[in-house]
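Order as written gives the chain letters A, B and C; numbering starts at 1 within each chain.
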Amino acid sequence: MTVTAPPAAPAQEAPARPRIDVAGLGAVRGGLFVLPSLAIIGVFLLFPALWTIYIGITDYRLTGEQARNPQVVGLENYQRAFDDPLFGNSLWLTLLFVLGSAVIGQNVLGFGLAWMLRNTTPFIRRTVEAMVLLAWILPSTVVAYLWITVLDRDAGTLNALLGTPGTAWLLQYPMASLIVFNTWRGTAFSMLLYSSALAAVPPSQLETARMVGASGWQTVRDVVLPHIRGHILTNTLLISLWTANDFTPFLLTAGGPDHQSEIIAVFIYRTALEGASDLGYASAISLLVLLANLVIALFYMRMLRSRQAR
Amino acid sequence: MAAVEVRELSTVYPNGVRAVDGLSLRIADGEFFALLGPSGCGKTTLLRTIAGLEPAASGRVLIGDVDVTRTEPGKRRVAMVFQDYALFPHMTVTDNVAYPLRVRGVSRAERVRTAERTTASLSLAGLSDRRPAQLSGGQQQRVALARAVASGGELLLLDEPLSNLDARLRLEARTFLKRLQRELGVTTIFVTHDQAEALALADRIAVMDAGRIRQLGTPSEVFRRPASTFVANFIGSTPMNLVDGSLSNGTVLVAGAQLPALVDGAPSPEVVVGVRPEYLTLHATRPAAAAFEGTVAVVETLGVSSLVTIECADGVTIGATVPEGSEPAVTTKVYATPQPGRLLLYSRETGELLGAAGS
Amino acid sequence: MTPGWVLRRIGFYVLISVLMAFFTVPMLWLATAPFDANPRLGLRWPDWTLDNVEATVRHPYALGSLGNALVLCGVTGALTCALAALAAYALSRVRLPGRDALLYVLLLLSSVVTGTAAMVPIFILMTQLGLIDSQFGTALVLTGGLLPAAIFILKDFVDAVPRSYEESARVFGASPSQVLLHVVVPVVRPGLATILVWAFVNAWGNFLLPYLLLRRIDSQPAAVVMKTLQDEGGSANLTVIPVFSLLYSIPVVVLYLLVSRRYGFRFHGGIKR
């Protein structure tokens, strides 16, 4: 249920004396208008999130005795997570994934593209932006397959370009492949965001730097970065949140070979629905993910608020 | 400290508009030079082309006899103050002022010393650690100037330096600026749309319109002998009287009056007569010399003087300034004589100055 | 033109070209392989043919899955748009208690409860509700995830409609639902269109939920069938998969172009000067 649109639009200020309810809806009908949405959100979004807490303390499975008669086992699942090397592995891999492809990859590439394109001809700018954007809007199953073909050992384009025949990238360097893939996939968002942010830097300050002979790097450091510091933080938080929860790597490596690329989304899936199918345990892990998401999201919204308040 | 020369310079916008059109100009070393004109006349574009922020389409820019037409702005040894001052909001006053030196790699101790010296000389002592947001408009402007001064350029460019200040502050800042430039002796070019500002500050003014210079001269020249009706209209706090007239036999018939006018080489007898309200003397009775005559329609107090609007023959109105205390009453009949040499004749067709009537 | 300047310009263009190549090369396959009589995994100049298209059309569940996707995403889009519109209108116009807190919580919910975090309880929930293999059930789940953001965005649109429009309609005797239909809806139409397309596109690309909840092949949308085709193995794949990928991708690209051209709407953090 990852939504690709960050609804971070600043709220409209109400006029001095808010004349609401101008259509004469009334509180009752107003409530009725909101009800269906709340119902669906409640059942399919809120309830599952809360129910995770409960399932996480049972030993529910898909099949077998525990499927019919799940027992409450207290914090046993969490205890297990603490000791489980596969879970630790997954956490570590997810961290690498987020750091490599989001914090560094998409951020740097997105900013770099925004900076380089800001003064080029409209043609170059539109063309490059179009390609980068296309990588983002193509459906995930398609781009995953495109990269499978590129990274293929025998016929892949990468091996053809690099002259390294016989390298099975997804098998030999799974995390590196995933990091490059996700950077490629998600840079568009950061690029657009930084483009906007750069356009908001007062041109006279950029020109002053130019007049005193500041180099490109000095200008970025002294004029640009101070203005976009807030945006860098919120952008990083947002794309990190999305990347940490991303399930698409499943389509490329399915967590393999042998758990080497089992980021948390894949770990949960496999724990819950493959093999022994331990839904209780998977649920406990899910709750941990929910809590982590919550922390990041709260931090993000706090940062947004403080920036809007200025 | 350097002279500036611009030769046949043209700057063209991507949409084809010639913002600066084949302009040539020479500014002496140490001169305080004004580019004056209505918005859209190209004065800011010219300034920016000299700075290097806009590329010249053709022609040359020379600073201190060095051709800098293709040189990067940072390498032209030019300092510029923008209309909004462009102070870096996250840096203190000291850091802002010292920034040009920092870019060049000057040591921190040296930078701070220079910054302190410069800010002190611009009456900014004690504000070194403040951020721009904590400064008043006038202080911000001086910090921007300090930064330009500290950068030690040969040429100082100011883009509407006073327009962001409120009216009272503007006059103080004007005097301050004039004094500063005199002390520094650095060649300065500033852009303004305010003719009073240009007249007060500049050693010489270039009045511009549509990418070209319409008149180049000292404030006094531009004020007393505007080279065209365009300049005449633009200069002067009270608008110059510009009335259609026609030449015949050494006189000009205008607003029902016949005034002596000896002008050679007038292409046609159709002219526009120009005379400043300040250079018309009012008489209650018909004077000996040729004069305008009419009835007083409006009297406006301007403080130390008043502007009297006189309705002459054929409904033509002219204005005359009188000192306080001698305002005629409305509807009385008055006569107005121009001071010697102050009646100017312009071609009605081209608007160009033909000459002064009489002397 | 100093040599340094020339060098830097060359370096700049080289870098831009490299980056362009980085982004374009993986996608080129999508332009060549569908029309290649001998499709390979690697990029190659194709032996142009339209036979693959025919093979895809004849494939038992390729087109069917596209149809499923249309239904699924259409329902999701319509549902999201309609419900969000009602809710956004009410929240914008009526002083409901706890409105701001509600919006805040909704926003939080939609970012926090991701597919990854909720896949387990959703799966169990739908199993117990007997909604596995139900297109409508999956649509409901998708809608649930999209609604908070949709409401938030639409509320902004509704806020921007001058209240005087509704007031004057009311003075002329319109009932609340007439006010809504005659006055408000036409004015926020761009917002509605955007949300409709946005929800549709999001659902179209969603893999995890249909993968989880739609088990029978003939009810699976294109996203899942893509993977099924890959897992199947066999050489028939490269005839079908490229064309299928293209068919599956085109609607999304077209819709994106339409919306951004028509309404210039870009979701990227709402930074305004």
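Following the convention adopted for this analysis, a contact is a pair of C-beta atoms (placed from the backbone, for glycine too) under 8 Å apart; a residue touches a chain by one contact, two chains touch by 3 or more.
Keep in mind the model is a prediction, meaning the values are calculated, not measured.
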item: For subunit A and subunit C, chains touching each; value: none
item: Most remote chain, CA-based centroid, reference being subunit C; value: B
item: Centre-of-Cα separation between subunit C and subunit A, whole angstrom; value: 16
item: Averaged-CA centre spacing for the pair subunit B and subunit A, given as whole angstrom; value: 57
item: Between subunit C and subunit B, distance of the C-alpha-averaged centres to the nearest whole Å; value: 59
item: In subunit B, residues with contacts to at least two other chains; value: 72
item: Contact footprint of subunit B on subunit A as seen in their complex; value: 202, 204-205, 207-215, 218, 222-223, 226-227
item: Subunit C residues within the subunit A interface of the complex; value: 12, 15-16, 19-20, 22-27, 29-30, 40-43, 83-84, 86-87, 89-96, 104, 106-125, 140-149, 151-153, 156, 159-160, 163, 166-167, 169-170, 176, 179-180, 184, 198, 201-202, 204-209, 212, 222-224, 226-227, 230, 241, 245, 248-249, 252-253, 256, 266-273
item: Complex contacts: residues of subunit A adjacent to subunit C; value: 1-12, 14, 19-27, 29-31, 33-34, 36-38, 40-41, 43-49, 51-52, 55, 60, 109, 113, 116, 120, 124, 127-128, 131-135, 137-143, 145-150, 152, 154-157, 160-161, 184, 189, 192-193, 196-197, 199-200, 231, 234-235, 238, 241, 245-248, 251, 264-265, 268-269, 272-273, 279, 282-283, 286, 289-290, 293-294, 297-298, 300-301
item: Subunit B to subunit A touching residues, read off their complex; value: 51-53, 72-75, 78-80, 82-91, 99-100, 103-104, 147, 151
